[in-house]
Every structure is written in structure tokens, then in C-alpha cells.
């Protein structure tokens, strides 16, 4: 398969994670694409931005810590996390609350991101 | 030595907290691997990966993780394959006492 | 121009009727001359493959609809293995592997990794999600 | 140029999130409980009309919900074949649910 033939995937994650299994499925999909060396990007939109809050501790709940899995994304060569800036602001989150490398996008920025991927998967 | 009942039919630990370095030797022996310091270096990195990222790595991130921690000579698929033939991420995770993979990646 | 489609189904078959909408979409795209190699079921969508699902006789059964589609058009129906295992959907291999009493997946479906979704995305001209 | 599909009722955050990125070059197909967003005179319908996006409603779901005769005048009703035709015209789809 040549590089030119590879189709890029944008995974849009817009649910908050303790109450839904969709964020986990979104993340697994992105990790799978990266593990198979396919171009993939992640956008956290709406309530999905809450997945990025630091200091999540899942031990008492007895489930996997999705936030820690997110920290492994650079090892999968997924360097940039795209964040819906308006949603983050609506939840009172400033840049200190979210990962340092995140790219904050306004509505026009999100539309441009959607437009430059071949497939868009909404979770 | 743990009794055979401590392992499932595929040789994975039923209870992760049973894992000790001796248990790792026992699992490795079942895979015809004799653990050397070179193996241990990778097994410790696998356990550190699990602690830090709450997941077991696929092959690609494992290679990158090893390269970051031990340098580019060891952060290569061929080196990891020489230690853990076949599928280093899966086999290494098994010996390191990480959760059984769900075959998703 | 004929296009290659892949479908991603995330909706559970018994909540709403998104699963039936997806089957009708599949039939409609085939009727328009397009091709559909693979349908990938992920998250609650994997419940679609539960062999023991019972639908009232006067309603369409998502299970039967998908199975018929697969038989008529050789469409692959893949259940994401990690989503499926968590929900108790196992084929005989996984039942043995995880020491469970028996298979629970309908024979029209196969368990597979997310790599099969990624592969479908690479080859497909269109990837349509039903959530 | 995206085909958005919305299958949740307007009370759900899916509509708000969709509206946040819906552009005038896009199309929006309402299906499932999403068809309620096209009820003429509703707040949701006004927001959708203001977005400038081309608006479509899946026939079977509009009928099931009992809204077929109460749709916003700008909405076009499509059947399954029409849904496929939309997916031909718009190469990317984003599902909101």
C-alpha cells in the first residue's frame, strides 16, 4: 500500500467517559489505526473534553483509567489531541486543566479538521 | 512454583497479584524461554508501561517505549523478537504478568 | 459510479431501531449498484450478534435481517472482539479460551479485532456509522 | 462538505454538538428520534434553519414518530435510496447520537 493510497481517519469523541463505553471504543479505534500505521487524529468535542481532565483516579471504581491510556498516545505516534475550545470553556476548563500538547480549535478550526480527513467516525 | 490451577489453559495467570519474579520464570519455562538479564530489562519496562498507561502495549508503542528508555539499539522489533519470539508484546506481557490480551490489536 | 462501502454499527439492536435502519441502508446501497464488503459492529453494536435474541413475531428481527443480508451478498459481519467478550458474546474458540460454557454468537457473525475496521476504512470509499 | 446524521431527540446534547460544527455547505439527515428536531415551529427547527445546512428527514422514521405532516417547510423527506444518494454526494459522514 502506498502512502498516497492511505486514507486518514478522524475519531470524534463526544461523550463523557465514566457513564458511557463509547469513549473507550473511540480510543481503541484510534489506537488500532495507529498500531496498523494508518493516519489517525482525535478530536474531543462536547462532553468528550471532560475525558482529558488530569488527576483521574480509577482505583476505587475498579475500572481502567482511560486518562492514563491517553498518555500513551504519543507512543502510538498520535502526537496531537484536538480539543473543542467552546466546549472546554462551557465546562469552565482552561488550558491548565487539559494536556499541554492539546490543540484548541474554534468552530472554523473544527470544520477544517473534519474537511481534511477521508473518514470521520463519531463516537 | 504456583500450582497448575493458578494458570488458565493458555498459561496466563488467573490472578495478576500472584505474579512474582519466580512466577515469571515459571511462565517463561512453559514458553521454552530461559530468562536472562536482557529479558528482565524488557519485562520490567512492560510492567512500568502498565503502571503508567494502565494498558498493555501493542508492538509499535512497545518498540518506541523501549527505544525511549534503553536507547535505539534495543528499541527495535528485531531485538525484541530475538528475546520473545513470535509476538514480543503478547509474549512479554504474559511473562510480565500483565492482563490477558483481548486480541483486539 | 459504483462505490465500496463499509458500515460501522454502534447501536444496540434492541434500543431504538438504528440497527434495522442500518440493514435497510445496506440493502439500498447494494440495490444502487454499490458494494459492501464488511459491516463492523463495535461497542453496544456487538449485541446484534447474540444468537439467543428473541424478537416478537410481528416485528423485524435485526439478527435475522443481518444474517439474511450476509447470506445473500457474502457481506462479512464482524463483531469487535473486546466489545463482544465484555458483553458475553463468544464463539467456540473464545469460549474455550476464557473457560465459558459455550458459544453465544450467531454463526453469521465472526469475532475480529479493530484492525478489520481499520482495514475496511482503508479500502472503502464510504464509511457510514450508525450509532 | 459533510453529511451529518442525527438520531437523538433535540433534548439531547447531540443536537447542540452537531449545531456547533454544522456548516452551510453541509447536509444534515435526521433519523430515529432526531426527526423531532424538524418539527415546524420548534426551537430546534429554527436553529437548524439558521445553520444554512441542507436539511433531510428519513421517511420511515418521520412516519414512525408521527411528524411527517408537521415538518419544517425547508426539510426534504428521503427514503433509504435517498439516504444512499446523500452518502454518494457527501464523501464524509459524521453520526451524532
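Which chain is which? They are A, B, C and D, in the order written, and residues in each are numbered from 1.
Everything below uses one rule, namely that a residue touches a chain if its C-beta (ideal position, glycine included) is under 8 Å from a C-beta of that chain, and two chains touch if they have at least 3 such contacts.
Just so it is clear, the model here is predicted, and its values are computed rather than measured.
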### Task
Could you see whether A-B or B-C has the larger number of C-beta contact pairs?
A-B
## Note on the structure
chain A to chain B, mean C-alpha position gap in Å, rounds to 28
### Message
Can you compute the centre-to-centre distance for chain B and chain C, using the mean CA position of each chain? Integer Å is fine.
### Response
33
### Query
Measuring from the mean C-alpha position of chain A to the mean C-alpha position of chain C, what distance in angstrom results?
25
### Query
So which stretches of chain D touch two or more other chains?
91, 93-97
### Query
At which residue positions does chain A touch at least two other chains?
28, 31-32, 35, 118-119, 122
### Task
Give me the residues of chain B that touch two or more other chains.
104-105
### Task
So, with touch as defined above, which chain pairs make the list?
A-B, A-C, A-D, B-C, C-D
### Complex interface listing, chain D residues touching chain C
5, 7, 31-33, 58, 60-61, 64, 79-81, 83-85, 87-88, 91, 93-97
### Message
Going by the contact rule set out above, which residues of chain A touch chain B in the complex?
### Response
28, 31-32, 34-35, 37, 58, 64-66, 68-69, 71-72, 75-77
### Task
Quick one: which bits of chain D touch chain A in the complex? Just the residue numbers, please.
1-2, 13, 16-17, 20-21, 23, 91-97
### Summary
Touching chain B in the complex, chain C uses residues 80-82, 85, 96-99, 113-115
## Note on the structure
Residue set of chain C touching chain A in the complex reads 8, 10, 42-44, 80, 82-83, 113-115, 117-119, 121-122, 124, 127, 129, 131
